[in-house]
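The structures considered in this document are given below.
Shared chain: subunit A. Partners: subunit B in the first complex, subunit C in the second.
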Partner chain A sequence: MTGTASMPPANTGSETAPLPPAPRPDDAPLLEVNNLVTHFPIRSGFFKRTTGWVKAVDGVSLSVKPNETVGIVGESGCGKTTLGRTILRLIEPTSGSIKVRGEDVVAASAGRMRDLRKEMQMVFQDPYASLNPRMPVHDIVSEPLRIHGTPKNEARDRAGEYLDAVGLLPEHGNRYPHEFSGGQRQRVGIARALTLEPDLIILDEPVSALDVSIQAQVINLLEDLQDRYDLSYLFIAHDLSVVRHISDRVVVMYLGKVAEVADRDELYASPGHPYTQALLSAVPVPDPDVELTRERVVLTGDLPSPANPPSGCRFRTRCPIAVAKCADEDPPLAEIAPDHWVSCHFPSV
Partner chain B sequence: MSLSNPSSAAGAEAPLLEVENMSVGFRARGKPTAQAVRGVSYTVERGETLAIVGESGSGKSVSAMAMLGLLPGSAEITGQARLEGIDLLALKPKELRSYRGRRIAMIFQDPMTAFHPAFTIGNQIAETITVHGLADKKQAMVQAADLLEMVGVPEPGVRVKQYPHEFSGGTRQRAMVAMAIANKPDLLIADEPTTALDVTIQAQVMEVLANIQKEVNAALLLITHDLGVVASVADRVQVMYGGRIVERADVRPLFRTPRNPYTRGLLTSLPRVDGARDDRLIPIPGSPPSILAMPPGCAFAPRCTFRTDVCDERAADLEMVVEGHESRCHHNADLAAWQPLHSGSGS
Partner chain C sequence: MADTAVGVHLASEQIAFDDKPQSFGRQAWKRFRSHKLAIVGVFLFLFLVLAFWIGPRVSSYEFDEINIVDRAQGPSGKHWFGTDDLGRDLFVRAMRGGQYSITISVVTGLMAAALGGIFGALAGYFGRVLDTGVSFMINCLLTINSLAILLVLGVKFQMTPMVIASLIAVLTWTRGARVVRALVLQFKEREFVLAARAAGASNLRIIWSHLLPNVAGALLVEATLLAGTAIILESTLSFLGLGVLPPETTLGTLISEAKGAIDTNPARVLIPGGLVTLIVLAVNFVGDGLRDALDPTHELEL
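Let's look at the complex of A and B:
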């Protein structure tokens, strides 16, 4: 892991900490996110005055290396989707920095941003809602190229190549999205993300709307495409089994903050944060013998509102091992083992 | 009778629910009839948990909704569904109403749409009691608070007076469980009860549901696509594909030695959080058939690696392959030699 993950998460209200001068080795991260904060205003009353902030992303730092898959897991409302969209500046960040190959995305002008987006593409969760129903698939897939100035005929040919790459037939190009099954539609969404030859694809729950028997097809496709086109993935999902399968490194988010970061095997074998432990133990395993002998940490209560997060450690209201200190002090993200970072006063080692 | 299972044959008591050759089709003008359920037969014993597993379009939900008379008028339902000998499908709507919510209760996937937004939770739970004339309004409200307490909703006295939007997803689903058990039904039907919930909340709700089920000694018909949930709570499992039951067994043999190519395909295509399988996933090729254009023979044949000519001609029967384990496949004899799937505990 790189120095970027060692950045302590921003304490709410404090100014953004300066970046420590990090050397840029050969495997320098493709994407570096530092202390990223995205707050949404809550407006109420006749004059729509801002009466509070939803702290969707509240000081997140992470990095993605070339050819790496970083999984982001967390429950609904933890800010994982907002994080993905903020990285592409589909949502403007409140503060913090996003760098692609060292270049600042937040400060980029609109024109420069368009070039930067060639390097970062997104695949959305809902393949029904993210494809224009009135466009044939050829046009959907070639649209990014046309926007970036490729002549129409050439764009069409290139679209054909990428349809083939995702396992669709040439004649599929003339059809409309409603003529496809959910799995095929998601393939179209992936082909569209590929046409600009990006280095990084942000995948927001790419398989969760699909049937079980189709999920594995799309996961395998994503793995093949990663090898073929040297892609990096930021894989956002709530399904811990899928994330375990596809990721090299995993970031666990809770209420806008990073709870834990580690290599995949380390995280799943010896989770250090009580939240990660609870998450992993809550996932049912499709094996009755395993289920019989498993010990389950069942968390009490619900996720608190990100508009009014608990003081100190955000997980303390549901944490089985919380003590008084947890209400007072927000635990920093600390390295408990090499490349294993946990934000907890009492991490299991 | 093909629908009897070994436990009912041995025991003297008749099963709680007997579904016999139930089919459900939907008619639309200018279109062929969409055959969602095609000749389904099964039994549910008192107090047991039977899981119906299948993907979208497999007919798993429709077969349960039909029993409760919850399908639109365009549905054509044939066959029988006998609750202690009374055929629910033959009842008049008014007669069926006295069963629904009393002898049989349903837990829906989405608690936001299943509750009426303009009435308090307490009101709605109480209504399921008063509508059957089991208590007056005042007593029913007290019971509603007790029920919320049973399912672990904190401060039940306060929460009964709140509206659905004031409940979080998990608490709302608990309230739905409370409403379902209000009249101590014999049969609970849960249709994807935890699919809309986060994994930590899902664990809470499943725990509550399993405990409550034991407490009131209800049978649970659990309809889900989540094989993990099935493995953790079901006694028996039946797998549906293309409107038919393709495999049925006790939970352990079903997961350890699945006999149907579809079930086996499902299990090997799943990534696992416990890391028992880490190699490349083995997906099932193709996609499930449309109910408007079912293959003439075995519905799974176009995606099956064992397909032969006979599979395209006609569907196989659901046959007993070993005691208590049924599978619908023309190649049952060949597939008996399949190796059991690895157990995760061995890794």
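Let's look at the complex of A and C:
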């Protein structure tokens, strides 16, 4: 494996970063999101008055432990990407709290936020839009270091090391993004996210724009890097098999809310929420006999508008088991089994 | 089932390029060189500059030297471009006028591009009140006829070439600003800008190193078009007698002075008119070449 030919410095971020005052237990969550809400105003008319709100993220709570990979799945438009961007404060949250190692990100000042950004980085979905076409690759990868005051030559050397770590050659740094393929570009994006030695990387559909064979390589690379640099991942995706492969825990989102949270094996073996069941039954089974005979839960209709979500349970308009109660009462996220949380009035156990 | 698919060797995407990486300057030069019209433009521009600045020195006449005996002549070995109604040598006068015209066009192009780039980028990036303000200013300026303003000011004040260039720039930067604003609006939502923000980049850094390089090509083309517009506007002003003061001259003034002689001595109109055309062409060709040269994604036609 040429990727390990020269090892970049191991992650020293946790030693050099200012520690929070009270010592925290080892398994304390790295990231804690509590009741996070992100609404976008709908403006219309000549005076651009706010006439409504798109409830993209509407009360999401989740946590990521050190070295853990949490997958977030859901349809397009369910708020996954907005959630990821809000956690990094690329979008300002409407309410709720985001804590990194116990420190509130939402309340952080601009100066403190710059430091906190070293803890969390992001890999974007579209490798063609996420690299500046006018910048050579070593400038792209070293930019985060330059922003945080690393001298130019040192930043460039470090960029070379991280290019090596993601399976590219340091001399590829002299080239421009358009000279690379999609998978190689995504590696550049990963190298850029690594340079600040973050503890958490938010992966926003990092492989969905890539060919299947390349997807596997990038997923493998992400797993290697997680071991080498002690990273935690928040892995946003809509591909259930990819999420199953990489995640320790899985959060299922529907229309801005959490439908179900469980350990990976638990969730795939006994999904409690009818939405999760429908998602899983949409994954084809490789055995043709099983595929022909198995019963499938097929969702009808489209995702309702997040500007005007259904009353009560948000999933009720498409739910195969919905009753009158579902239109009146919003089911809370309840623990149906140890560490298995479902937001449904009638979860299957 | 996903597990079986992930057994691909990590290094299999390791790539080898069959060419050597080159510095940006070398690549840009290669791209520029492959743009034939741009090379023609550069040589034409250099030729004009040399002619305009050296021509008057090699000639034995002064631009304001009146020689009534030789007045109103056609081109000849003695007076290459002929003489005007006062017997002044038109070759020297055309070169002198060319100096002003070319200076006005280049200065106007640069100033208008700078103004348009700054205002367009600020309006597009920060949006809200700033955008509303700048857009309002742009719309106001667009409704005003530049020529009318220049005429009023020209009647009121005596204008030096630099003042004319600045005024034209102030009246015409809006076109570049609109282009830059639209492109910045488009690029600022791109993921590479989000990535820079996620790394903690300041607004200034994002505008300077991420947005402006991506809009520079379009702005450059606007600047060269404006340089052309500036020559024509200046010529129009001079034609109407509101440009630089006599005995100084510009190409537009020369055309204006020759309007009575168009039947008897058409060369007096055609020569300065042709020079205006050549300057505009040269500037536009160079601008086209620079746009391609500065775009690293531009494919070389080799």
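Keep this in mind: the second predicted complex is superposed on the first by the 319 of 349 C-alpha atoms of A that agree within 3 Å, B and C clash if a C-alpha of one lies under 4 Å from a C-alpha of the other, contacts with A are read in each partner's own complex, and residues count from 1 in each chain.
We take it that a contact is a pair of C-beta atoms (placed from the backbone, for glycine too) under 8 Å apart; a residue touches a chain by one contact, two chains touch by 3 or more.
These numbers were taken from a predicted model, which means no experiment stands behind them.
Once the two complexes are laid over each other on the shared chain, residue contacts for A:343 go to neither subunit B nor subunit C. Within the superposed three-chain model, A:184 lies in touch with subunit B and with subunit C [touch as defined at top].
When the shared chain is aligned, no partner comes close enough to touch A:277: not subunit B, not subunit C. Of the two partners subunit B and subunit C, more residues of subunit A are touched by C. In the overlay built on the shared chain, the residue A:293 is in contact with subunit B alone; subunit C does not reach it.
With both structures placed on the common chain, the touch criterion links A:131 to subunit C but leaves subunit B unconnected. Of the two partner chains placed by the overlay, subunit B and subunit C both lie in contact with A:217. In the superposition on chain A, A:238 makes contact with subunit B only, while subunit C stays out of contact range. In the superposition on chain A, A:302 makes contact with subunit B only, not with subunit C. Once the two complexes are overlaid on chain A, the subunit A residues touched by subunit B in the first and by subunit C in the second are 181, 183-184, 212-214, 216-217, 219-220, 241-242, 244-245, 286. Looking at the complex, you find that subunit A touches subunit B at residues 75-76, 181-184, 211-217, 219-220, 223, 238, 240-242, 244-246, 265, 268-269, 278-291, 293, 296, 298-300, 302-303, 318. Listing the residues of subunit C that touch subunit A in their complex gives 1-3, 5-15, 17, 21-24, 190-192, 194-202, 205, 209-210, 213-214, 295-297. On the subunit A side of its complex with subunit C, the touching residues are 1-3, 85, 88, 90, 113-114, 117-118, 120-122, 124-126, 129-136, 140, 143-144, 147-148, 167-169, 171-172, 174-176, 178-181, 183-184, 187, 189, 192, 196, 212-214, 216-217, 219-221, 224, 241-242, 244-245, 286.
Every residue of subunit B that touches subunit A in the complex is listed here, in rising order: 55-56, 168-171, 198-204, 206-207, 225-232, 251-252, 255-256, 265-267, 269-276, 278, 280-285, 287-288, 303, 343-345.
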